[in-house]
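Each in structure tokens, the structures are laid out below.
What follows is a pair of complexes built around subunit A, which joins subunit B in one and subunit C in the other.
Take a look at the complex of A and B:
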């Protein structure tokens, strides 16, 4: 075995980089704080999505005629297909939750500050790519829910001033939702987005390794900042255990409530009430407050403002202070957004109940 | 502050998890009322029976379906209360609806001393299930098949508009199938003759049994072919009791059943039935294998929501039956 490894290493030279990767020193205060596992858990949920997505791709038929039947087959006839699709379904929600919490942790710990601006920016891009995963994946079963949510979603894009029509056509591949839309969403969901996310994750981790962990914000953690444990096995075991816990939770949720599949899409239906996935509900609720001529406020101004704020954050917040309780403005702003999102989500859920 | 952050994070995570679980967790939780509109929730039981008083019906949510007429100027129909249960093999559906009379006179012969006349309808209830996934039916229900938006009966197609789209029908009839304990298992296929409303309707394959028109087939002055060997006054004629018709045994005013009945064997008889009329209402229990393995039947898969529709008639022909206006959905608990 050792000779095989040696033969391989002589030809690739991988042992050095792998050893460096595994021996990477992790501050003890990080190892002992569960909030620092959120990034790793997001990565694990992405890997779960990749594996379950590949398994489903063996059976999925990306055509408007066959998509629903193939998802129906996966869900109700393929042995353990319900489990694979269910884990994929719930892991998509888990990914949104985890990446959000990971960003909140980064935000509250001021880990976006110099010299980690690029790491924050890749994180912001990853956050929006994760949401894009949800949006594109929603249509793939070609059921009523996905069809009408996508119709509304692309119409929202179409209402953007000046470029709206172009955006809507780009997403739909034509004027109407149809085969071109499904093909584009499928290609985006299984090719473009995973590749983009993979590249950004590598860049994100590289940046994190390059700069090391952001400085601790509590005195207790600061006292441990010079004590390190190796990434492998210490932190790897922690991440693995948390990942297994996440997988167990996803399996349980699937077992308790199989992933929903509504009836097949009927473009002529006139009584279906479109509703998005839960993590877009707050945005649908927001749209209600900006009807008619005010719509661009919700479709372009607010999203641009939020995206711009996230991008500019490390370049605006230049203070040395990292403790959130000493940064009332940033802390209160974030709490305001969290409350708005939670309240709007609850209001939307009540409206759709 | 750290504790505050922890609690806040946990609260947000919890809210999102609850949100993620919210929709599916809203599944019916049992009891006697439906949790979702137009949704029939089948409860899991150890073993299904045709007993309308089986204990498990107390646990099965009841779906009340109001029925409307498809004909202009006609009144609506009764409200049908439906419950469902299933075991590892069978689904069983219990239906209950008001009906002032138990009608057993479908095309019954009446002898006036000189000639026969035939008259009479029967009560029926039918369930329609799409075979395979059917977007139009799931979205529009019966309007997608038998009844389009036209109020003119001659414009109804009473079938599917595509050779790929088929429906499975459980056609229970008070006079022709209930007395021998089955439901006519039929289907609707692509419209064959636009002028013939019944052309898309096909009966499932049958090995033996079923109801047979009791006529000698004569073009002029037809008469019954059989009569009962046991009870000349009975409105029902079982195949086991039939003897050749003998006019000399009748007196004016006597009737002869219009059909010879035998329990169907084969796909036609897949759906067992036990219907009892009493106190001004029908209580019917129907049972069928979840998967009959017959390609003319819908496959019912526990955990998979399935759309369906119903029609009901009180001593009326096909044309004046009342239909469920909304798409009904069978779900599983």
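Take a look at the complex of A and C:
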């Protein structure tokens, strides 16, 4: 065994970098806090999506005439098709939840501050790419939900002043939702987005390793900040256990409630109320409050403002203070946003109940 | 940056300009230019390819909505049409919903595209309130398609119509 290992190492030179990677010192205060598993869990949910997505690509037919039937076939006729598609469906929600919680953890621990600004920025981009995954993914079954949510979604892009029409046509691949739209969303969902996310994840992890964990914020954690455990096996086993727990939860959710598939897309139906995925509901609700000429406020100004403030955060909040209870402005702003999102989501759910 | 290796000038003559380009600096600049050209060679055709034909307006066509004799003249009638159309590289049945009404007892007809001008859902005709209502964000329109209430930025699109051989056609 040792000789085989040596043979490979002489030819690849990998043992050094791999050993460094595995022996990476993780502070003990991090190892003891489950909040630090959120990033790794997001990565694991991405890997689950890659595996289940590749499996489904063996059967999925990206055409307006065949997409629905192929998804129906995957869901109801293929052995374990319900499981693969179901886990992919629920893991997409899990990914949104995990990446949001991971961001909140980073936010409250002030881990975006110098010198970790770029790590925060790659994280912000990854967050929006995860949402783009959701948006491009649910058109693919070409059912009522996907069709109408995409119609509304692309119309939202169309309401952007000056370049709206260009954006909408670019997204749709033409005037109307059709074959070109489906192919675009498919290529984006299975090629462009995964490749972009993979590159950003590598950059994100590389930066995290380069700077190390952000300083601890509590006295108890600070007391342990000079004690380390190796990434492998100590930390890796924590991530693995959490990942297995996540997978078990996704399988259970799929088993309890198979992934939904609505009726085939019908462009003539006038009684279908489009509902986006739950994580876009608050935004859907927001649109109701900006009638007529004010529409671009909700469709472009508010999203741009939120994206802009996330990007600018590490360059605006320059204080040394890292404890959220000593930083009332950033803490209250985040609580305000959380309340708005929760209340709007509940209002939207009530409206569609 | 290494200074160019040139024999020194006689002191009374002066000195070489410190910006005289050396080989390395030239190669760096040349590499930058070549990489830029390479990038543009990929990006410009790539972007044009991706935009493709997406900006071309789809061709309109006259679609038969029904025989005049069969259309109720007093009411607003929902008509779902289906017509063969080219969708990118595919021949499909293009389907949609329009609303047909007449204000003068059937002498002329108004055909409204059922697509809400807010975010594209299909509006419903509410006979009781005599108005169109969008199920998505509660946009309200008059029988003629004007906005009464809600978020729609402008009126429902009115389609060109013609009568031919006793049938009503709309330009879709």
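In this section, the second predicted complex is superposed on the first by the 353 of 353 C-alpha atoms of A that agree within 3 Å, B and C clash if a C-alpha of one lies under 4 Å from a C-alpha of the other, contacts with A are read in each partner's own complex, and residues count from 1 in each chain.
Just so it is clear, a residue touches a chain if its C-beta (ideal position, glycine included) is under 8 Å from a C-beta of that chain, and two chains touch if they have at least 3 such contacts.
Since this is a predicted model, take the numbers as computed values, not measurements.
Engineer: Judging by the criteria at the top, classify the pair subunit B and subunit C on subunit A as clash or fit.
Structural biologist: fit
Engineer: Can A:76 be said to touch subunit B (first), subunit C (second), both, or neither?
Structural biologist: Touch partner of A:76: subunit B, not subunit C.
Engineer: Just subunit B (first), just subunit C (second), both, or neither: which does A:240 touch?
Structural biologist: The answer is neither, since A:240 touches no partner chain.
Engineer: For the superposed arrangement, I'd like the angle with vertex at the C-alpha centre of subunit A and ends at subunit B and subunit C, nearest 10 degrees.
Structural biologist: Between the subunit B and subunit C centres, as viewed from subunit A, the angle is 70 degrees.
Engineer: Should A:35 be classified as contacting the first partner (subunit B), the second (subunit C), both, or neither?
Structural biologist: first
Engineer: Touch test for A:319: subunit B only (first), subunit C only (second), both, or neither?
Structural biologist: Neither subunit B nor subunit C is touched by A:319.
Engineer: Which of the two partners, first being subunit B and second being subunit C, lies in contact with A:288: first, second, both, or neither?
Structural biologist: Once the two structures are laid over each other on A, A:288 reaches subunit C alone.
Engineer: Is A:273 touching anything from subunit B or subunit C once the two structures are fitted on A? First, second, both or neither.
Structural biologist: Touch status of A:273: second partner only.
Engineer: Check whether A:15 is in contact with subunit B, with subunit C, with both or with neither, and answer first, second, both or neither.
Structural biologist: Once the two structures are laid over each other on A, A:15 reaches no partner at all.
Engineer: If you stack the two complexes on chain A, which partner ends up touching A:222: first (subunit B), second (subunit C), both, or neither?
Structural biologist: It touches nothing on subunit B or subunit C.
Engineer: Check whether A:6 is in contact with subunit B, with subunit C, with both or with neither, and answer first, second, both or neither.
Structural biologist: A:6 sits against neither subunit B nor subunit C.
Engineer: For the superposed model, what is the least distance in angstrom between any CA atom of subunit B and any CA atom of subunit C?
Structural biologist: So the smallest C-alpha to C-alpha spacing between these two chains is 7 Å.
Engineer: Following superposition on chain A, which residues of subunit A contact subunit B and also contact subunit C?
Structural biologist: Overlap of subunit B and subunit C footprints on subunit A: residues 266, 268-269, 271-272.
Engineer: Along subunit A, where are the residues that touch subunit B in the complex?
Structural biologist: Its residues touching subunit B are 35, 68-69, 72, 75-77, 82, 90, 93-94, 96-97, 100-101, 104-105, 108, 144, 218, 253, 257-258, 260-266, 268-269, 271-272, 278-279, 281, 323-325, 335, 338, 342, 345, 349, 353.
Engineer: In the complex formed with subunit A, which residues of subunit B make contact?
Structural biologist: Subunit B reaches subunit A through residues 1-2, 5-6, 8-9, 12-13, 15-17, 19-27, 132-136, 138-140, 301, 303-305, 307.
Engineer: Using the touch definition from the top, list the residues of subunit C that touch subunit A in their complex.
Structural biologist: 50-58, 78, 80, 87-90, 92, 94-97, 114, 118-124, 135-138, 147, 150-153
Engineer: Spell out the part of subunit A that touches subunit C in their complex, as residue ranges.
Structural biologist: Residue list for subunit A touching subunit C: 63-65, 148, 151-152, 154-156, 159, 166, 169-170, 172-176, 178-180, 183, 266-274, 287-288, 290-293, 295.
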